[in-house]
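The structures considered in this document are given below.
Next, two complexes with subunit A in common: one pairs it with subunit B, the other with subunit C.
Right after this comes the complex of A and B.
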């Protein structure tokens, strides 16, 4: 059996290699942002003794009179219209509780879910009893945010054919701040797999439906593609790059010369992500 | 007695430090990818690892939910190989519970709990060589910052002792074991507010002022270091993300 051993090595931080600096105003908790009382305070700040003080470590964002501090990493904060991928944690009386990497569990009401056959009627007691037949604890779903409650909890709906229970595939959990907001979050990549980039940081990779010969066959044939995509996404996230369809695709193409298991090694990861960065810069410029 | 001088005539301690000097501190944030926030700190030979999960939905008994604030939960656990003699029970024993409660008290004062329903902080100590409470608090501060949980200010902690009329800052295991008075102080540096002050030994009240001042100064020095670590981390992440 082949074994590989690695010794710890001090690597130069990637930011030095990029050779650029940030123009943002960075703060840590306890820092005074401003003493001017004309500003409104937003998230990540609090008022203390006539001064506006930061409460998280991040960059200051100013929009006219509103000052807020955007933290590096937070839990998902729901906004209406976002696509999320979540896991059912509880089946309650008329709703399901869905875990979506946010501060409170999200809620999927029975009335927000389409009945089989597409009928439109009031949900009855039999529908309630049959809830577990639709979704059980541990199932993964894709849904859209319908509303946000006052305490920050999010209400989901699956009133469209593209949302619903997810079948075979791989889930990757990343920080929500790394998923770029785009017009669509369902992407069919040319390599044979499809990806759902949930705004809450849950990314679902699955074989593109047309390529499925039979139920089980499709998954096995695309397993390598899916594994490679998963490793590429993890390497992009480790190097703090924004995730969207183009960056994932470029990263996939840059990783083709390497073996799938090598992608997660630090040096190869840096090399692949560097190449991706360059290609993205060329494409923009 | 084979005099182990804690403070020599020239003013040097057992490990060569001066009375008010801290041990070497090294810290890193974001050591675990799977936790919301994590940090590792080394203060001399004491190494502490802190991991933060949250804020998240209350698991288990929903009755513990506070309607207006978050619930902070701290667990202290020390590795069996952390002390000179191998410890039998890593957690659940009296000292760990007490430490957990103290940490919880400290962080409830610093975290702005009105903004979320619940957070959970787990703290783990790898090697204990004196000043475990201080190292735990410092590690936990960094981990909470890494998780993006809003805090009033940093919480910086340091221990202090009193030998031969001089207040010593940042005690090592040897100095703690010598049996003199020891004070553990957790401070919010910007406002100078004390989050926790603990002492369990006999100290004459005339000396309390000096020992307290030495601990406060040491905590402020720790703050300078932690501040630098956090700024570096934020700057690096900011550069990588791009503008």
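Right after this comes the complex of A and C.
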């Protein structure tokens, strides 16, 4: 039973390995963004001593006259139409409280949930009592953001067949700023697993639901594929790369020559992500 | 360890995997995570070590002082262990919650280091029945992420190795 010991190594700064031409204007709290007073202050900034100063650590975004700082490490801030993966924390009277890595627990109303037996049925008292039968504490769901309340709390709905309770699989929690906004967040990867990239940073990896008869045989292969995907996603996150279906797929292919448990070692992680980065650059340009 | 809530389906998945000797992160059932060992981290101790095993973070400091040998072992010095589970390690250790675990780990450490092969206690003796070295080993749990016994024993060994 061999154990691997290693000495701690100083982390290498990412910039010397990136080689990107578009440099983002990164600031830390207290940095001066501009001394020009003609700009409007957006989120993440404040006016002090005739200068515009950043109050969060992130990248500066400018839209005409509006300057704001988008924080890199934040909790999830909901927007209508986002796909999220959440965990049920409480079952309340007519709604469920869902944890989505945001500042307040999100809310899933009973009326926003698909019930068996037709969509347009009015929710009755029996439905309320049977709530725990649909979703219990600890269950995972995929849902879409219906509305955002004024205090920032998010209201979810699962009014489509593609949303709902999630079955067997693995959850990976990452920072919400690393999930790229795309047209669709449900991806079926060719390696046999599917992935849901929640905008709130919760990523759900599960075996692609194929023909039901093959389930028993393909189980072991699926488990390895899913573990490998999970380790790939974690290595992409450690190297601060954006997560989308292409980057995850390239990273998976780059990791195939290594053993699954070796992917988490720092040097192999760097190697795989470097290869992924190169392939992505080749594909773009 | 901070408890993690899981859905029933996730639990079934994990159990299936473990039956096939495959954990969720691809390790086998008997594989260890990567261990990071660093010695000589605390300057005002005779020896120290810091061990990181996944999310588990242990800091050990060793202080050597003069003392009198125990009556039943007049030719040897001895070790004294103290384990402090800091409240920031995991929410369950708030207030006095970590004391029970601390005493349990300390008792285990006494049993582990009681034999001749780990530390030769005769070398700690200065003059029999009068003076000897006493090594006070303080273990601090900075973060609790599983596998405490292994990480603590590695850290104590590294700190004793580092003791001058």
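As a convention for this text, the second predicted complex is superposed on the first by the 253 of 285 C-alpha atoms of A that agree within 3 Å, B and C clash if a C-alpha of one lies under 4 Å from a C-alpha of the other, contacts with A are read in each partner's own complex, and residues count from 1 in each chain.
Keep in mind that, in the parts below, contacts are C-beta pairs under 8 Å (C-beta built on N, C-alpha and C of every residue); 3 or more make two chains touch, one makes a residue touch a chain.
Computed from a predicted model, the values in this text were never measured in an experiment.
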Once subunit A from each complex is brought into register, does subunit C clash with subunit B or fit beside it?
-> fit
Go through the superposed model and pick first if A:238 touches only subunit B, second if only subunit C, both, or neither.
-> first
After lining up the shared chain so the two structures overlap, which partner does A:5 touch, if you call subunit B first and subunit C second: first, second, both or neither?
-> second
Which of the two partners, first being subunit B and second being subunit C, lies in contact with A:95: first, second, both, or neither?
-> neither
May I ask you to decide whether A:75 touches subunit B, subunit C, both, or neither, giving the answer as first, second, both or neither?
-> first
Calculate the angle at subunit A, using C-alpha centres, between the directions toward subunit B and subunit C; round to the nearest 10 degrees.
-> 50
Considering only the touch criterion stated at the top, classify A:185 as touching first (subunit B), second (subunit C), both, or neither.
-> neither
Report the closest approach of subunit B and subunit C over their C-alpha atoms in the superposed model, as a whole number of Å.
-> 5
Enumerate the residues of subunit A that count as touching subunit B in its complex and touching subunit C in the other.
-> none
Quick one: which bits of subunit A touch subunit C in the complex? Just the residue numbers, please.
-> 1, 3-8, 87, 89, 136-140, 166-171, 219-220, 223-224, 227-228, 230-231, 259-261, 263-265
Contact residues on subunit C for subunit A in the complex?
-> 5-10, 12-13, 16-17, 20, 22-28, 30-38, 52
Which of the residues in subunit A come into contact with subunit B in the complex?
-> 13-15, 18, 20-24, 26, 28-30, 44, 46, 48, 53, 55-59, 71-75, 99, 103-105, 151, 238-242
As the complex stands, subunit B meets subunit A at residues 33, 36-37, 55-57, 112, 116-117, 145-154, 188-191, 227, 230-231, 233-243
